[in-house]
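By letter and in written order, the chains are A, B, C and D; residue numbering begins at 1 in each of them.
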C-alpha cells in the first residue's frame, strides 16, 4: 500500500493550539484513493522539524508529502508555490533560535518550486466550496524552512509529489485575536482531503490563472 | 410560551444564498431557555422588509427580536451598536430601489441604539470560541434600514429586546470571492444561540471595552 | 469678515505628533473665499476638548466649523456622516479617563448628522486627485465626542455648517507602524482646503452614491 | 563617472500613469554620492522590458541598478527580497501576452536573491520617516520578470548591485480606487534617493529582523 504523509506543527508564537496539527491529526489512518494517510507532528523548530520530516519520509517512502502550517491572518487555504533558501525569523522558534538571513541548505538552490499541482488543487477546492488560492510566498520562518527542506529532500525522487499548504487560524484562536479571519476545522479538513486526492490523481498541473501582479 | 423572533434575509447583490437565512432557518422551532425560536425570511427590499418584520412582531409579541444580515468582507460576527435614520444605497435593492440620503422614518430620531446587551454577547461568544466584536455601524443599506425600523417599532415596549447581528460570507460564497474571509454555518449557528441565550438572561449590559477610536 | 474654525488634536495613544494638528495649524490665517481660517488645538480629553471648542465657537461665531482627527489605519480622508451619543473608550484619553458606554449629553438625541455637504466634498476631493470617502462611523472615542458636541452646540444655529473629518497617519508615523497606510501632510492640507471651499459654497449636498452595505 | 540606473514602468492595467515612472523620471541626471543617475522607462511587456533593461545595462555598465514598479494596494515602499523563475500573468501585459507558469529563463535557477542591502535600506527609509518594509514576493507578473532578468543578467558581475522596489499607488490613482492606500510622489522620491545612497555605501547588508512567519 502506498502512503501519503501529512504533517502539522506544534503550537508556536504564544498559541495553545496549532490548527495544522488539530486538523491533520484527524486524517491519521484515512484511506484516500487506496493510499493510507500517515500523519506526523513537527516541532516548530529550525532544523529539528526537518529531522523529524526526513525520518518519516525515509521510513514510509510516501507517494505524496503535504506539510501543513498555520498562517494567522490569512483568510483562505493557500497552496504555496515556492520555498526560498533562507531562514529569516521575525520571532524565535520553539527552541529560542532566531536565525536572520541564513541559508537553509548552504550552497543549495535559491528556491524550490512546489511539486504539487497547485492550480488544479485550488480549482478543486473552490469547486468544493472551500476558499483557496495560490500563495507566492511561504514566508521565511519554519514553514518555509520545512517546505524548502522537503523539496530538497525529494528533489532526486522524480515520482514523489510534495509541497506546503498554509491554513488560517481556527475560530477559537481568532476569538482571542479581534480582527483576525478564521476557518473551521471541518472546512480545513475537507480542503486537505481535496489536496490529497488531486495530488494522487493529477499528473500535470493545469494552466489556469493564479498569479499575482505583485 | 414566549417567543424569540430571528430573521434572515434573502440573497442580494448577485449571491445565490444569504448566509443569514441559511443559518437562521436552522433555528426554526428550537427551544432556548424555555422560549420558542420563530424564524422569518425578510426580502432585501427597502420598506417591504420592515412590513414583513413588523407583521411578525405584531403576530408573535416576542420577548427578543434578532435580525441577522450578511456582511461580506467582515471577518467575525459583529453585534451592531446603533442604526441611523438614513437609507443610502450603494447598490439597488432586490426591487431595483436605490434611495440616496433619504430618512427611513421622516421626523424620526437620528438613530436608535440597540436593545441587545452587546458587550455581554461579544464576551460570551468569545468565551465559546467564536470570533465576535461590537460594530459601530450597520451601514446604510437594507440591514441598517431593518435595524432602525425594528428599534423604532419596539421603542415603546420597554420589555422587548432587539437588535441586529452581521455575519461573514459562508465558505462557499468566499470560494467565489478570492480574498474574502468567511465563517462556517456551524460557527454562525453557535453564535446566534449564544446571542439568544444572553439576550434572554442578561438584563443590563456589562461595562467592558468594545469601543473604537475611529 | 466671516470665520472658518478648523480644529486639530494634540497627540494621543503614544504618538508624538497628531497629523490633524500638524496640518490644521498650517492653515492658520489663510483666506478662503473671503473667509479667514482660524485654527485651534483641542486636547484629546473627554469634556475638555468640547470646552475649548465651544469657547472658540462662542468667540468667533464662525460660518463653518471643521474638526479634524487622526484615524490611524484608514487609507484615505474620511468625511464623517454621523456622531452618536456615547463615549466608549478603548484606550484612556490624555487625562486617563476611560468612559464606557456613557452618554455624551445625557438626554440628548441618539445621534447628530453632519452639517457638511459630505457627498459634494468627497466628489470634489477625488476630482482634485485626493483619496477620500464617506465614513459611516466616527468611532466612540474623543473624535466622535467632539463631533457630537459640535453638532449639538450648533444645532440651533441653522446657518452654521459643521462636521468632522478623519485623516490617516502621516508617513513618519506609519514608518513606525509597519503595515499602516499613510498620507502626506501636503495631500491632507489640499483636502482640507477643498473641504472648506465646498462647505462655504455648497448650500445643499448632492445626491450621489456614498453609502455602505454594512 | 559611475552610473546608477533606475527604471520605471509605463502604465498598465487600465491606469493612465505609473507611479514608478512618474517618480523615477524626476531623478534623471541627479548626482548622488558622485554617481550620476540615469533613468529609463520599461514597457510593461514580458520580454521587451528585459531587452530595454539589458541594453541600458550594456550601455552604461552601472554600479547599481534599481528597477521600480507599481504595487497597487500595498501601503508602503517594499524592497523585494527574491525573484522567481516563472511568468504567471493574472492579467495580460501591454502587448496582450498572458503567459501562465512559464519559466523566464528556461533552465535558469529557480530564483535569484536581490543584490541590494534590503534590511539596511528599510532601516534607513524608516529613519527618514518613510514607511517601508521587506517584501518576500515580487509577484509573478512583469515586475518579477524584470527583477529575475536583471539579477540573472548581473549574476556574473560580482561588483554590480541590483534589485527591485515596489511602490504604492499615487494619491491621484487611489482617488479612483476607493479603499486603496497611496503614497505621495515626494515621499516615494525621497525613498528612492535613500535606496540609492544605501546601495552605494553599504557593502554588506545588516542582520536585522525583516522576515515573515508566512
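The rule is short, and it goes like this: a contact is a pair of C-beta atoms (placed from the backbone, for glycine too) under 8 Å apart; a residue touches a chain by one contact, two chains touch by 3 or more.
Chain identities (UniProt): A, B, C, D = Pyrrolidone-carboxylate peptidase.
All values derive from a computational prediction rather than experimental measurement.
The greatest centre-to-centre distance from chain C, using averaged C-alpha positions, is reached by A.
Centre to centre, using the average C-alpha position, chain B and chain C are separated by 30 Å. Chain D has its Cα centroid 37 Å from the Cα centroid of chain C.
Averaged C-alpha coordinates give centres for chain B and chain D that are 47 Å from one another. Multi-chain contact residues, meaning those touching two or more other chains, do not occur anywhere in chain C.
Taken as a contact graph, with one node per protein chain and an edge wherever two chains touch, the assembly forms a single closed ring in which every chain touches exactly two others. Partner chain C is touched in their complex by these residues of chain B: 13, 69-74, 81-82, 84-91, 100-101, 109-113, 119, 136-141, 143, 166, 205, 207-214.
Put simply, chain B touches chain A in their complex at residues 75-76, 125-126, 128-133, 171-172, 174-176, 178-184, 186-187.
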